[in-house]
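Below are structures written as structure tokens.
In the two assemblies presented below, subunit A is common to both, partnered first by subunit B and then by subunit C.
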Partner chain A sequence: MAELSHAPKGSAVAAPAGTGAATARRRPLPIPHLGRFAAAVGRRVLMLAILLALVFAAVELLPGDAATATSERGESAADIAARRHLLGLDRPVWERFWDWMAGLFTGDLGVSARGEKITQMLADPFPNTLLLAALAFVLTAVASVALGCWAAARPGRLIDRVIGHASTSAFAIPEFVVSVGLLMLLSLWTGWLPAVTVAGADGRPATWTMLITPVLALVIPQTGWNTTIVRGALADQAATPHVEAAHLDGLPVRRVIWRHALPGAVPAIATGLATSTGMLLGGTVVVETLFNYPGIGSVLASAVSTRDTPLIAGVVVCAGTAISLVLLTADLVRARVLGSHA
Partner chain B sequence: MDINRRQVLLAGGAIGAAALLAACSSGSGDTAADSSGKGGKPRKGGTLRIGALGRAGAITRDPHGTQANESDYLILALTFDTLAVPGAKSNTVPRLASWEPSADLKTWRFKVAKGAVFHDGTPATADDVVWSLRRLRNTPAGAARLPGVKNADSITAEGADTVVVVSEYANADFPLMTRFATFVMKKDTPDKAVAKAPGTGPFKLDWYRNGNARLVRNDKWYGGTVYLDAIEVTMFETPQAMANALFAGQIDVASNAGPIAARTAESRKDIQVVRRPDDMSMPIVMRTADGPFADPRVREAMRLVVDREAMVKQALSGYGNVANDIMGTGDPDYAKDIPQRKRDLAKAKQLLEDAKFDLSKTYELYTTEDVSGIADSATLFASQAREAGIKIKVVKQESGTFYEKTWLKGDLYTNYWGTNDSVLFFASKTLLSGAGQNESGFDDKEFDATYRKAIGTTDKQARAKALHELQQIEYDRSGYLLWGMADGVDLAAAKVQDLPKLPGYGRVQLENVWLS
Partner chain C sequence: MSTALTTARAPRGSAGRGRVIRRLVPGVLLVLLALIGPFLAAHPLDKPVTAPFATAGDGAPLGGDQLGRDVLSRLLHGGTALIGSALLVAAVVTALAALAGCFAVLHPAVGRAVERTADVFILLPPILGIMLIALAWPGGGRWAVISAAIILGTPYAVRIVAGAAAPLADAGYVEAALAGGESLIYTATRELLPNLRSTILALFGLRFVEAVYVISMAGFLQIGPQPPAADWALMIRENSSGILLNPWAVVAPSLAIAALAISVNLAATSLAPRSARKAVITP
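Right after this comes the complex of A and B.
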């Protein structure tokens, strides 16, 4: 971390990858910053609330409702009306939204269209998805920075071009193609890894090996995307006077990239990784289905098909909070690195 | 959006399947064929790992709730007993109860099986059954699940082991409907305790979590010897993932995996493909009440236009049989003697001409993607109809839209049914005039009278005659074009023996299964 003080706007850089809390401990945030932080949090919370309102409205626009979608074929119109009343679907949508939001503050996410407690339905799947996405996120970050630096160290040479093409095509392949490919290769042909995830009595994948293929399926496209960003940001930095100066001073390439170019590239990289969070969580819907991974992606897919608004909203709250936290961290990182220019 | 994703995933599975096929046919016939499916004398022991379809958002633990997940239903059916279960020789055989009707076929006495005991040791009594049936009757779908039972008061106990159920009308087939959801719990089980409530079934719940479960043998089961030590149920969102799990050796049985997975498995000698005939009907429904198909000659023409063999081969991948426009093909009393209707374009054209059917118009055939093969069947039929000069345009609808806008109302649409071992089931639910699910608006006085005759008699011969007449009417003039029946297809490792062969809910009867 100490090396980072050589960065362009030296004084502004503290701990680019550190959490807000860690930063605060080292150097207390002045009050204006705290205000800005609170405003950023407020914006994110507001965004989430708007998103939830949109979810309620969007489900309303879909044909059918939870009462018809979860009915048995034998039920008469009167039975379905009774169920509609039971589910509270005969009340106006804004009223249901309001009640649900009120419950949210007490940690109550309501019940699904089939009468199961939503907090309970998400208690295992959400941590499972977080685990999958977090592993994929860390691996993506490490791999893309490493590959980006490697390519930047040999600009225009063969390895730079190979990494460039490979990352573009990796990002262009949809998750499900990557998934099917990995499934064939690592499991069905070779028998090295399990083909699907089977959960045990604790609700977690029965063995850790079951995580490998789903994580890889998420990491490969996202690494493609982020490597391109890292490489691009490093190229921008290479053109700045202080990096050129370091080159002319005859410093080894590796040192120039690591100590002089990379710190300046951090805001762009952080933003790139932050946008990846959304794509990673989105990708889990596909990946979880293909590998039967017990996460919120599969809950969401089925909740949409049964018009189960509270359940969809519950998934959105979980995923939205996770994404918001990451975006907030990225904002903070940018703010710290770029200082008042942010 | 959801549909698209599913299609994409199906495509992914298909790519996988094709590649797998190539990989497997190129050798590796290693340890196969050592046990060819007939395993000799049943052996006790072992854990069966079974996969069943289900979706995380649709999980329900209530035996009297609406179970959309096959996995949930499987777990419930292993833990709890219903009064009756599907059978082979008779479509309804006793389980937790045997029965005796009154002479007028309105009052039914169910006697609780001797030795039936809940998993916690308390004996199952008439009070428990009454409480459970009443609970079922009081659910929103209660009227459909216990048809003819006016309300909870129609169910009473008579002594310690007899339950009296009164039907509003004479119904010789009353026990049939008790096969599906009459799961018996202990009296006064609170709603909160339902998820862990003890049943009387062949297996006891060890744990349940997020749709997956482990069950252990109930050594005290009254219904006979149970061989397996334990059953582990894993929920799968797609048949493809479930088949992959089987191919990778992570599960032993893929329940209801379907024809696409089965085709992949055909080339593997270490996997058995178990077909359960008459599992699913996917009729084309033509509106009889009004509209372009109201003339019975037009409907007959449509039935003569379809190429049934081609439909089974292409829409069902060959996993099925041709049918004869009569619903309930798995019924032991199914009329096998009514001649099989075959394609006859000349006759069809003549009938259409006689009926002055407008051939210049394009007719819309509504379909869904709800079950594998149904949309294909619609497309295929449209192209076959074109050969007779009938222009049909297939319109795919999302499930919710279909049930709201098309079902029970449309002129021409596809639908599917999972209970196919009873002619009377369809007669009462979908063909009787005024029935709640009369899909084609069928209103036929003769049919109604014959139906009442069939369910209102205890005389075997009179009943058989009435049943045959019913089927003849259906063959001649109902709103159904039933071209074929899809097999239920289970995939299993070679060591799994005596898997259920019955269609529909019969697939959950795992108490006789053993591992060689």
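Right after this comes the complex of A and C.
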């Protein structure tokens, strides 16, 4: 089992656009388990805090604030000043920044440019978006590991090349283009699945069949990306002594991959999947718009048309938190696989 | 790590070059076609020539869009700005990343800063970042999208260059240059970068694909190009309501984006250094 610590070797070059140094060798710290957990959590929380500060600064420094952005044509300067006061935009920057950050801890995302509570505006749609993204994430994980293993079991053969080319092609296509293809195929030509999502009385999609096409549109590009990573990580593992030994011992290929190569490839795969969370959430927003799905996509679309920057910052907070959690999970998986064998 | 790999693949070296060129051709042709497209268009992009969502017929080979404008003409117009912006983003990001990536491996403090920056930016889905910048910069239009794509794409690209340059930083000639008192800039541009040609070239291709991805996504969400501009992503959005009446109004721009993304991506990955394509070796 000691050989497993070879896992991250060379995984930075496993994929062309690679997960890069994210998968670089990192020596496990010689501190107890709980300490390492706390350190990982602290690091991710710090990163998130920095991002939020950057978001706040970007909104602050760029010209145009919420009051001017939402101003009606012909509105007088006095009216704009009054609304600026109403939204609290005339207070010092640091005070507002502090209030905003402090509010985040209590789940208060502030008010939108129209003066509505952002937490309330996102309370219904965000879980819907998370549902879509989570389903897509799980399917992506299963599909990319399965395809990657299938390709690795027949290295250099036709199926390996087909899977390789297909995944390279798939991850380049934007989700909304995939959606159009699926829509033509599954809804318009065959009529198997509904073309738009209709929300039920509780604000959720009325039937589960309405989830299939949006989820597939998200899964196809992300599976392309992650299959490349899984295949690359397995190729790295194939070169390690213990996998070579298992192969030379005459164990069946399936067993070599499943029992000997895959465990060592887990850290690289976990990091790859975690880095695709951001793409997945971003893609969800777009796919939702196309399918009329009741998620944050529609909230964002209206925020774009009304130039509601605070609302978008609120969505960034939610998305950033979700991504941080996934990355943290990947950190812990890596620490578990690599750390305990060091 | 890669010695076994290079020896294993060496006999196929010359055949490999032909294959690389074959894979470059579709991408390059498509980019050229899209750039000269406006000159081939039969109709101006904002003139209705047929009924709204009319099916393919006389004067409009791909039918009409939601205002009865010729879909084919708009398709030929619609790629120029997208590809131009994407080329600009890819060039700037690659140049910035090449320099910063070399500094990062020569200077550990810069390296750590790069790592942390990439760690922070990975928490921000690119499309949300673009929305944020485009909205906080009213009147920025396409330039807001371009700047956002550059800002959001660079940290990650730097990380890739740094990853590729790291093994070279320990090479004797780099240490000799530094020990000989050469400046950081000289060492980065004269000693490191020439050895990273294929990585940089592949990075440029992949950044182009990524830029097409985010810019078209922004266009689809109506950030950047505004009607009546012809833009592939915007065409998909505008015409999706009439997909039953004239599917071509939606399918044609979708195919255009997909073909562009796939062909350039294949070209870029075929340029990637051998060590980055380990997936093809047998155990």
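FYI, the second predicted complex is superposed on the first by the 290 of 342 C-alpha atoms of A that agree within 3 Å, B and C clash if a C-alpha of one lies under 4 Å from a C-alpha of the other, contacts with A are read in each partner's own complex, and residues count from 1 in each chain.
Quick note on the criterion: a contact is a pair of C-beta atoms (placed from the backbone, for glycine too) under 8 Å apart; a residue touches a chain by one contact, two chains touch by 3 or more.
Remember, it's a predicted structure, so these values are computed and weren't measured experimentally.
With both structures placed on the common chain, the touch criterion links A:G164 to subunit C but leaves subunit B unconnected. By the touch criterion stated above, A:V180 is placed in contact with subunit B and with subunit C alike. More residues of subunit A are touched by C (comparison of subunit B with subunit C). In the superposed pair of complexes, A:T275 makes contact with subunit C only, with no contact to subunit B.
In the superposed model, A:A301 makes contact with both subunit B and subunit C. Touch criterion met: A:A82 reaches subunit B, while subunit C stays clear of it. When the shared chain is aligned, no partner comes close enough to touch A:P267: not subunit B, not subunit C.
By the touch criterion defined above, A:G191 reaches subunit B but does not reach subunit C. In the superposition on chain A, contact is made by A:V59 with subunit C only, not with subunit B. Once chain A of one complex is fitted onto chain A of the other, the partner contacts of A:P310 are absent, as it touches neither subunit B nor subunit C. Subunit A residues 62-64, 69, 176-177, 180, 183-184, 188, 285-286, 289-290, 300-301, 303-305, 307-308 lie at the interface with subunit B in one structure and with subunit C in the other.
Of all residues in subunit A, only 9-10, 12-18, 20-22, 24, 47-48, 50-51, 54-55, 58-59, 62-64, 69, 151, 155-156, 160, 164-165, 168-169, 171-177, 180-181, 183-184, 188, 228, 231-232, 235-236, 238-239, 243-244, 247, 275, 278-279, 281-282, 285-286, 289-290, 300-301, 303-305, 307-309, 312-313, 315-316, 319-320, 323-324, 327 touch subunit C in the complex they form. Those residues of subunit A that touch subunit B in the complex are listed here as 62-65, 68-76, 79-80, 82-83, 86, 112, 114-116, 121, 124-125, 176-177, 179-180, 183-184, 187-189, 191, 194-196, 198-199, 201-203, 285-286, 289-292, 294, 298-308, 311. Those residues of subunit B that touch subunit A in the shared complex are 1-2, 5, 8-9, 12-13, 15-16, 19-20, 23, 55-62, 65-66, 68, 140-141, 143-145, 207, 209-210, 212, 214, 234, 236-238, 240-242, 244-245, 247-248, 250-251, 398-401, 403-405, 429, 436-437. Residue ranges on subunit C touching subunit A, taken from their complex, read 1, 4, 115-116, 118-129, 131-133, 135-138, 156, 159-160, 162-164, 166, 202-203, 206, 209-210, 212-213, 216-217, 220-223, 233, 236-237, 240, 243-244, 247, 250-251, 254, 257-258, 261-262, 264-266, 268-269, 272, 275-283.
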